[in-house]
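As structure tokens, here come the structures.
Each of the next two complexes has subunit A plus one other chain: subunit B in the first, subunit C in the second.
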Partner chain A sequence: MPKPERYEFFIDISRCIGCQACVQACSECDTHKGVSMIQLDYVDRSVSTQTVPVVCMHCDSPTCAEVCPADAIKRTGDGVVQTARKPRCIACNNCVLACPFGVPKMHNEMNLMMKCDMCYDRTSVGLKPMCASVCPSQALFYGTREEIERLRPSSHPINTFQFGQQMITTKVNMMVPNEPHVRLIDIAMSMEQAPVPQLLSDDPLMANLYEEQ
Partner chain B sequence: MQREVTFAGICGFIATLVLAVLILIGSRNLAHFDAALVAYTASILFATFGLTYRYTMWLQRPPTAIYWKRGWQTFLNRKYLRKNAINWLRHVTEDMALNRFIFERSRMRGLTHFLIMWGCIIAISITFPLVFGWLHFESVPGEMDTYQAYVFGFPTFTFASGSIFGFLIFHGLVWSAFITISGVMLAMRRRMREEGAAALQLFVEDFLPLILLFAVSITGLMLTASYTWLKGYAYDFIAILHAITVIITFLWLPFGKFFHIFQRPAQIGVRFYKYVGEREEPAICRRCNTPFTSLMHVHDLITTEKQLGYNYEMPGTSVEHYQWICPRCRRAMLALAQGQLWQRQLGGETPALIAYTPTTPSYVNPGIGEGPLGHEDAKNFHP
Partner chain C sequence: MSKLPVESVEIIERFGPTLAYAQGARVDTGVEPDKIVKTHCCFCGQQCGIQLKVLDNEVIGFEPWYEFPFNQGKLCPKGVKRYLQGAHPDRLLTALERNPSAEAGFSPIAYSDAIRRVASEIERIQSTYGRDAFAILSGASLTTEKTYLMGKFAHMCLRTSNIDYNGRLCMVSAAAANKKAFGIDRAASPWSDIIGAEVVWVSGSNVAECSPITSDYIWQAREHGAKIVVVDPRITPIARTANVYLPVKPGRDVILFNGILNLMIERDWLDHDFIENYTVGFEALAESVQEWTPARTAQATGIAERAIRQAAELWGTAKTSFLVHARGLEHHSHGVQNVLGAINIVLASGRIGRPNCGYGTITGQGNGQGGREHGQKADQLPGGRDLGNPQHRAEIAAVWGMSPDDLPMPGVDAYEIFRKIDRGEIKGLLSISFNPLVSLPDNSFIRAQLEKLEFYTAIDFFLNETAYHADIVLPGSLHEEDEGTVTQVEGRVIKINKAIECPGDARQDWIIIQDIAAALKREKGFTFHNPEAIFDELRRASAGGIADYSGITYEKLETQMGVFWPCPSEDHPGTPRLFERESWNPVAKGSGPFYFPDGKARFNIAAYTPPAEEPDEAYPLYLTTGRVVSHYLSGTQTRRIGPLVDQYPEPRLEMHPNLAEKLGVQTGDMVTAESRRGNITLPVSVVRTIRPDTVFVPYHWAGRKSINQLTISAQDPISKIPEYKVCAVRVYKAQNGEQPPAPPVR
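Coming up: the complex of A and B.
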């Protein structure tokens, strides 16, 4: 089956309802059976139910791969940063600590780092990644740019992030509101930011979820 | 880059020269060197150059260089030297000899690797000394049925040629071929049946090494079959075929998957780095004030990132460098940054106006053992 080049991954964290369907679905993947690669956290459980699902953003210049002393992380020609190569990974933890998005997971018993590879076994043959195919709120969405524009008219995808003075561009897109128009997300600006309290979180989440109607 | 290439070239040349000299000494000026095996020797000398060159280039990469240095520093740290020595023995046995970490990935994978690895180790420990002339056998004068083994030209043990020991030792390569082929078959079976493997495997990277090992083993067995049961039928042809497969394998050593044999021991250095790091000062996340790794590791990563051209500095802030934020907080900050944008559009109260002290984000489902609260990360020095 030819690979549809037009398909892209779009992530909209504010839509996440923390249902864990992605976590379970991910562990069904053939390349890492029984182990989930999704990072799903409560931002601060004491004040909010806000959750954050993080998949690998597949950076154009992946810091994890660059800091790997064993040269175990490779990026495919189509921009997918693959999980660590099993014969090479020496479980040093550099990638876990260096990834600006906090994606890789270390499995010490196996001496192996494992991370999301955008279900390469599926996406390389035109199927959706496991997480995106089960996400009920479509916080994790895999489809064409036209589809996402039609479904989410009040937001647009961007793939540029700033961490301190470092700019990172990624293969995976993040949805941001149209107003104010931004071209990048400066992560540092949220250093002191509190999570969205329960009452408030209903507002953007629901508004966003049903924006089409 | 030119400097690194020159250095790696010099190292490769020295290693090759040392091996050549050892061959001369060990074979007593080629007196015990089998001229028929000269092609094998040449291919091993080439592989030695290639392996040393690539290894030296690899060690000069910024992250590898720092780990190499720190690995030795933490191993030789006086405070931990005794414990490190004991741990070294344990890691060599568990990780290297028994492949425990591969058995953790899957029992079948563990068995597969164990068979291939030991098959190759046995074969190499027999053939290399024979090819280099470091090991040869002579009949004991007056006792035609007794052989004496000479190592580096020095006489060592003797044994009866017709004994069980003699049979086992003279057929060492047969046993190693059986062990290797069993492992290769298991690996091939997995690669042909498993969908996960099918998605990622490459012919050159994953199949070629298996094909080479199989070719070497099977042609070796054919030689034994020829002289044992077929009165030497097609022996010369099989011998050339076997030589070709072996030489291609040696020439391939520095380039493909086999290079992991030489890279892999680095994991022992990493273990010392982690062991000492866990016992020294921790790095505290500058968002949630929780220790998340060793101070040494964060400092080393900041250095490495700078050398690689990354600029994660955060001047003018209390954080100073993005590396001082723990992975969990990084994920939370991603959500908070996006939420902030939505809030700007949708309005409403800004919770940040209320005094808020960030806490460590928690995994949604710690029960399934994945993520920051799972035992993997706990061991990994995440709190």
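Coming up: the complex of A and C.
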């Protein structure tokens, strides 16, 4: 079996069809059966069918772990940021508030922060995570860099995100179009851009309707 | 007497839908299953490969099956949670007898007594009113072995003309048009040809929700530079990033195709060599589309002329292309014409029967393809043969060991069966894998007909809403409780494997049918010991037919992970791509690639006729219907699986904000939609992703939540498919203080 570290996680939001197969399959993962760690949201359903799946980005310097007063959040040697350790987690919510991607969730019934651990039971033995295995659109993709370059020539992966003063690099990659060339995603700047068409002339439905002369 | 034995709320309390969630071994971590069974998903025609984890005769979960070539481990939410349909509290564990004085209207009854009662009622009805007075409604979610046996049971054992199936609501317009144009009814190309296409054209297919795995094929094509054209009244998820999106007015697809062809002719975007050497009928067709100038096409289809011209240019100038469509073209009173229009632009381009080119309808039901090939369709015999054709009758009668004269003549379609009940011509009914009270249009008519039956028996694993009316319910088998074959969207025959045994008194459907034949003392031809024996007879019966399975064996299906028919001999590898230029087929016999004596495809004039019901002052809006991703067909299975219900709990009506403003409603408000046939009150979802003159409601629910209370029973004159995709309605804010339920999030 090939070494697991050759595999990487890639997200391409433009492919997402909002079907929730990832959400449903996440709760079948053997380490947290019955609880899904994936968030899938519409950007604005009233305007568009665009959806965004959010999995943990597995930061190289995880903010969640840095702000944890109980040192409950560990990162494995191969870069996977784990759910809080049950004996240590004090359910203070620091990680929930601090994560720039909004990933950790507090499970009050267990007094425990839980988050995506990239299906560590699977990926640590060379299997794909549940979500990327089932994803019908392959918006969530798990494979080698060679595969992604061969299969997706019109986009490329980046893993650098700018949140105001904070620069974050992540284990998980985000696919972006080749043109215009993008080196990092500046979150503060993109918040000023509308995620979905706002003008009538940009509305793909109204713009393509027949108008009586 | 097939009236409801008690109020339906009492039946629901006892028989469900109850929502199943994972518990016990299904949520315990680190549980080692007894075995892992490679099989396929039971929902939809994609037929994704899946591995079921089994512990103590219960399916406790799944593991992706990465090696199966079509889906490579991918699954939609239905496939992920399908295991929850097993060990379900609503599961029928005994036969049931209608009993108005019993709790919930039904009493358990010994299986053998139930079979005897069914046989004696069949005997009584057929001897009193004639053989055709007993009808059968079958389904396209059954394995091909079962569909073959249902056809044989009707035609040989009961000798009734009246058998039809719920594929009538699904793929028949495509089937009829494909036979007219190509002489064969099967997707022309494997899905791998989508990936290398320069243009992918998607008409009337909400790929993301109804055939999610196909999304990845389309996105793969896009990665390599393909342009995507999507035609739909709604911006479906697959339409969101289309290069050209054409918001067609419901019921106008054939006009659009004729207009595109007119532009292809005008700009000479034609493959003249292909048209000359491999087709007939182009000149007459070319003349017929002259009237569809771009301006007139735009006006009639409700699409901007600029967008039509863009789409025509993309299509016309492509070197390779793949066109897919689904029910959006087919569910019309001119559904066959819509499909012929699509096929015409494919044939005019010459882009079929070679790599990176193709055409196909996306089948909807689990065995939508196999279920329409081997004899459970009103006019059909195995191998895609015709019940009305003397030679075909003789061929099948020889396999069955009977006189061709004893075979009945072709019967009527599923909806007409209910009209025959209304006229008193049909008095008894057996249904399996079909829930017409939810799935047929104008379903208050269907309810009235069920009440007129003298005897009705239903075979199912849950008590579906139609079966509430049954006199006898026979407990059948879930998908994972039997083995057999199905034929998926591409025409690939695949193997379904048994994971668990039937619980209680339930048993495999083919055993139930054979037990009825035996109780009728007509067991000749109904003594198969296993599905493989049925398949082996089906292979012989299909030999020499168009849908030739004779070279397919169970062993070959396992080792090759599926075999594309036609496969006429055991050393034949199967036929992934039809119509390759030098290919041989039993009709053309070498004279050409298409299934006509001259080997040439047919251009057919695709005539436009308006929908049966157009909006007017009283009913000013179009209603169109379809699916959502977390439910399957009439919901008998998926409305019992908790996580799938949570994802989409109940129907909602989609409307454009311009319309919402006029009606004074906003997302979450209750609205009433009303047609000439019925009404429904449901929450509204205001979205800019639907034409302002159209509203959409999904159809998976029963009773007062069924949109088929409103739909129209108009049918295509050739395929007999109902016009689910368009009728006229009015919509207004709900009166009487009806409050929205807990807000659904979507």
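Going forward, the second predicted complex is superposed on the first by the 193 of 213 C-alpha atoms of A that agree within 3 Å, B and C clash if a C-alpha of one lies under 4 Å from a C-alpha of the other, contacts with A are read in each partner's own complex, and residues count from 1 in each chain.
The definition used in the following text is that a contact is a pair of C-beta atoms (placed from the backbone, for glycine too) under 8 Å apart; a residue touches a chain by one contact, two chains touch by 3 or more.
On a predicted model such as this, the values are computed, not experimentally measured, just so you know.
Within the superposed three-chain model, A:Gly102 lies in touch with subunit B and out of touch with subunit C [touch as defined at top]. By the touch criterion stated above, A:Leu112 is placed in contact with subunit B alone, subunit C being left untouched.
In the overlay built on the shared chain, the residue A:Thr160 is in contact with neither subunit B nor subunit C.
With both structures placed on the common chain, the touch criterion links A:Pro195 to subunit B but leaves subunit C unconnected. In the superposition on chain A, A:Gln50 contacts both subunit B and subunit C. The partner of subunit A that touches more of its residues, comparing subunit B with subunit C, is B. By the touch criterion defined above, A:Arg152 reaches subunit C but does not reach subunit B. In the superposed pair of complexes, A:Pro180 makes contact with subunit B only, with no contact to subunit C. Touched by subunit B in one complex and by subunit C in the other are residues 14, 16, 18, 20, 23, 27, 30-31, 33, 42, 45-47, 50-51, 154, 203-204, 207-208 of subunit A.
On the side of subunit C, the complex with subunit A involves touching residues 22, 26-30, 61-62, 64, 66, 73-77, 79-81, 208-209, 212-213, 215-216, 219-220, 222-225, 235-242, 245-247, 298-299, 301-305, 307, 629-630, 643-644, 647, 657, 667, 685-691, 746.
Looking at the complex, you find that subunit B touches subunit A at residues 58, 61, 63-64, 66-67, 95, 101-102, 104-105, 194-196, 198-200, 257, 260, 263-264, 266-267, 270, 273-274, 287, 293, 297-298, 301, 304-305, 308, 310-315, 317, 319, 321-323, 326-346, 348-349, 351-352, 354, 356, 358-359, 361-365, 368, 370-372, 376-377, 379-380.
Across the complex, subunit C is touched by residues 14-21, 23-25, 27-28, 30-31, 33-34, 42, 45-51, 128, 130, 133-138, 151-155, 203-211 of subunit A. Touching subunit B in their complex are the following residues of subunit A: 12-14, 16, 18, 20, 23, 27, 29-33, 35-36, 39-47, 50-52, 54, 63, 66-71, 82, 86-88, 90-94, 96-102, 105-112, 120-122, 124, 154, 163-166, 174-180, 182, 185-197, 200, 203-204, 207-208.
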